[in-house]
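Order of writing sets the chain letters: A, B, C and D. Residues in each chain are counted from 1.
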Amino acid sequence: MKVALFGAGRIGKVHAASIKMDPRSELVAVADVMTEAAEALAKEHGIPARGADEILADASVDAILIASSTNTHADLIAAGVKAGKAVFCEKPIDLDLSRALEIRKITANHDKPIMMGFNRRFDPNFAQVKAALEGGEIGKPTMLSVTSFDPAPPPVSYIKVSGGLFRDMMIHDFDMCSFLFGLPETVMAHGSCLIDPEIGAAGDIDTGVVVLTYSDGRIATICNSRQAPYGYDQRVEVLGADGTLAAENEIENTVVKSTAAGVVSAKPVFFFLERYTRAYAIEWSAFVDAVIEGAPVPAGVQDGVNALALAEAANRSLAEGRPVAVTTDMTGG
Amino acid sequence: MKVALFGAGRIGKVHAASIKMDPRSELVAVADVMTEAAEALAKEHGIPARGADEILADASVDAILIASSTNTHADLIAAGVKAGKAVFCEKPIDLDLSRALEIRKITANHDKPIMMGFNRRFDPNFAQVKAALEGGEIGKPTMLSVTSFDPAPPPVSYIKVSGGLFRDMMIHDFDMCSFLFGLPETVMAHGSCLIDPEIGAAGDIDTGVVVLTYSDGRIATICNSRQAPYGYDQRVEVLGADGTLAAENEIENTVVKSTAAGVVSAKPVFFFLERYTRAYAIEWSAFVDAVIEGAPVPAGVQDGVNALALAEAANRSLAEGRPVAVTTDMTGG
Amino acid sequence: MKVALFGAGRIGKVHAASIKMDPRSELVAVADVMTEAAEALAKEHGIPARGADEILADASVDAILIASSTNTHADLIAAGVKAGKAVFCEKPIDLDLSRALEIRKITANHDKPIMMGFNRRFDPNFAQVKAALEGGEIGKPTMLSVTSFDPAPPPVSYIKVSGGLFRDMMIHDFDMCSFLFGLPETVMAHGSCLIDPEIGAAGDIDTGVVVLTYSDGRIATICNSRQAPYGYDQRVEVLGADGTLAAENEIENTVVKSTAAGVVSAKPVFFFLERYTRAYAIEWSAFVDAVIEGAPVPAGVQDGVNALALAEAANRSLAEGRPVAVTTDMTGG
Amino acid sequence: MKVALFGAGRIGKVHAASIKMDPRSELVAVADVMTEAAEALAKEHGIPARGADEILADASVDAILIASSTNTHADLIAAGVKAGKAVFCEKPIDLDLSRALEIRKITANHDKPIMMGFNRRFDPNFAQVKAALEGGEIGKPTMLSVTSFDPAPPPVSYIKVSGGLFRDMMIHDFDMCSFLFGLPETVMAHGSCLIDPEIGAAGDIDTGVVVLTYSDGRIATICNSRQAPYGYDQRVEVLGADGTLAAENEIENTVVKSTAAGVVSAKPVFFFLERYTRAYAIEWSAFVDAVIEGAPVPAGVQDGVNALALAEAANRSLAEGRPVAVTTDMTGG
């Protein structure tokens, strides 16, 4: 299976490594508007850097992997579909829900897999929570709690184009809730700017709590912070009738030092590249499974739409100070 | 310091043991409308069971400890004040906020300590969180998360007179938030009946999530469940600019068993009597400090009013499906 | 059951509290050659300080608790037996094995319980290991590892009269091995002075490793150090055919602090008084059970002899640099 | 750097993956007397399977990686040296110490790196212990404890040719002691057959405890078992004047399940391939560093000799029931 990569930045490099690691997929070309970055990555992998149109027109390319900037996602998905390619696209589909709903229409009848890069679904810890839940290990679930803190806020220049905390950061956690609990009925959002006043000046929040309620009474809570100086804090906890499942952080090493100053363990691994290294590789193999073996796509366009719809609902809830219902108009469902 | 105990039930016995453990206080009498219970406890401690009026009229009694049923609390506080006693009263002051506000007026000028039994403030783990917060160990706090699950729901007969989950169970967690973060500005409540349909039929919920927001942007989340079959789950976690403080559960023993079936640790200690044994003793000594040495009362009538005001706000929020502002009318502040 | 206490020092006070806590036993007198200490403790408990002979002659005293200095233990046991009392004695019986064997003879036909204070058998964690072992939870055991470090070495003046690390400190661990694995066949000792050269100058070691082998092939290892600056390190680990049981340390509180400096947990509780508070109370109740209800004595004179025999074998092994067989001559068995 | 691989078995495949992962090294050929295995691995990597002599004669091959059966190690090292190659060889050099000493002579003046595959030195957890020790984080070290249990014993057919527990299994732990504490002065071994009587019938033990003493008084203890049904148990703990460093197991995932049956965590990762995946990759990069950049070899022939000398001393100690001195004759030092 021959793969062309769009985007030669940080996350593009991660995906290039995943493509290489699965013996069933081969990276054959890379495209990036930053030609220097494209050339460097191409050289490292002994492949050509090519133009986007040229790649899309090349019938030998089976699949495209979209890891370019967010504002190019929707157009590239559409182009990939038109060119008859299998498509793997980093989240989100777009910052604009209506554009995502358009993409949903365009892709509805495509006969090749289209997969959204919700990498956390492939984290072995969260996947184990999902498996245990589905295996009935804690009985009927009642509450879900997602903790998701970044080690440090991004530059304010990034914040300004990010779409805001709910669409940029919490979107992963919305998808985690959908993954574990399905689509909620209402969204209630709370948020503040407590870390960096410039984030507030840019119209965004850096601290957020969102409560999702489900039609059958289940309740999910998401806590986000742009800053946890001890590292990337990524935990999930589910309470059910028979007990709880809690996925704790992965830590840098297992060494515990005990001295008069206390008992010190290693910190959580630093950020998403470290925490989700394995998840990215497993995610890619799931896409290859879908393309080559016809396995079901574990996170599709509808999942992308859902996450975005929750983010928009959260934005509205925060603005209006009240719970917002999630409707099928929002999710295209 | 001579103490008379009102209430010879489960929690009365706990307090009797605490009184005995502090060499500065002496249990001299016990009163209970269930005369059999009063006689039994009196016999065990070699003291007389006496009538309430008789005790209040006895000038040799320095302090009264109110551990009788909730609907007697307010009257006994008032009577104790009138009789010039120091008063220790189990929470809540009353199920009715307006009655609690009356008690606040009545007690305002009392010259002896009046202390409310918010025992969790004296749990060494939560006290350590408070101390570390005040010591600036994690910098400026931003988010607080309180997890509080009972091992199993009480009988529905109890639920019916309990005042409901927010006033009966979450009231401790409201006080924990006040203890760690102060009085919030708004309360948003979510709740469902997911464990026992009879609880729902009785008009109550068994699963609740409440979000408190503070005027400076801090956010606190409380998750309550009436059922966690592995034991009493009592945790607190605070995020600050420099890190987090997390108070984990206390467990039955430290033995870890590793077999082919997995790595098994002991469960959390079963319920509040086991978890808060030390807290009850420390709490009592704090009251004795206040009475004998004039130390500040660590949890007074205003704290009782505040917790009740938050519970009432949560009830209104749940009923109306919107955030409710906490006003000074509510808290008497 | 009326109890007289011999020894008003640190450990005597602990036992006085335990006697008070069990409603079936009553402390009626205290004796100590340091009359000031005896008077102080007596006053605190509202009982008389009396002479040893007087106490022994008092027929109303049912039991004596020997918590005086080691060199008085054997004589007091003998006197207690002669006076027809039940006897609880702190370990060791004596520093001299032959004297312990004499005591064994003297006490052989006594019709009242004689119990040695091997408190660690009553620690809920180690007791849980024992119960799980006996319950077959890890199958046939093969290896045992005992870690036992003090927070800081005692003064050299104490070292000089202590009988040495094996008889003073490791004697508890020898008993733990006997408790969990029974009496071994050989003892091989290694030891060094690595912490305080004055301990070496006094002819003792401060760091010791002893390996015990059993006739059926099981192997136990004990590691001792006089200094672990993070607190009292008391752990036991057993490997069996089906898995391991590991009793970890008890810690000061459950708070975990995560900052850029690392993830910091509380230290183990400081020393034996903190770690074994509960064990001392449970131990005392077991003695009361034996005296009042005829329950079996959980740690008797033979256990005291065994621990001492292992300590002497370890001393010989260290001196001669070879494994030493444990014979029935040594243990009186 | 062009690399030829000797040995296409389980560990050969692991190394092939590591070679591929470091962009500075290229796998160019594979040799195995099992031609089918060689062909399969060669095909997977798109390289030729070649004869050993042909590879050694090929000047374009910079380095050989010896992962064939133990009895070929010494001859292949010698041949590699003669052919002027850099050599990476799996442990042990040979089961016979005198042969290892010969290899030491033969390799003494080789001008290319020769590295022994003591993979555990590259485990990030043990490496962190080493770094913290060298950084003085726990002060002067006094005791070392190495726990090393396999999940299940190998077939008895393997045991018969393995060289015995000390040379086959504990050799890694001997090297760990050397890595952390240097070369000891004496070795005292204890061992039994407690898991599988056929192992005993084959003249070997399956349960072993070895104590190493150092000239400055430090003491190290190694516990080995061929069977720990919960997985691969690989821990190291060091006590120093200021505290301890403990490297705990890596576990399968971070999910903790709490139910009425207890609190269950994931097991340690299953066996060496899972536990040391990262270590193998880091180890290989260290060899590439040595070959390409002249970095020091982190585990050389002398380290292989030392580990073997300790294993032989342990065998003699076990046979003779006494401590055995480790001499420079043994180690070639």
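The working rule: contacts are C-beta pairs under 8 Å (C-beta built on N, C-alpha and C of every residue); 3 or more make two chains touch, one makes a residue touch a chain.
All figures in this text were calculated on a predicted structure; none of them were measured in a lab.
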item	value
Topological distance between subunit A and subunit D, in contact steps	1
Set of chains adjacent to subunit B and to subunit D	A, C
B-C against C-D, pair bridged by the larger set of C-beta contacts	C-D
Distance between chain centroids, defined by C-alpha means - subunit A, subunit C (Å)	57
Geometric centre distance via CA averages, subunit D-subunit C, whole Å	41
Residues of subunit C engaged with two or more neighbouring chains	228-230, 233, 242-244, 258-260, 266
Subunit A-touching residues of subunit D, taken from the complex the two chains share	23, 44, 124-125, 128-129, 132, 137-138, 242-250, 252-260, 266
Contact footprint of subunit D on subunit C as seen in their complex	140, 142-143, 145, 147, 149, 188, 190-195, 207, 209, 211, 213, 216-219, 221, 223, 225, 227-230, 233, 239, 241-244, 321-323
Of all residues in subunit B, those that touch subunit D in their complex	228-231, 233, 251, 258-268
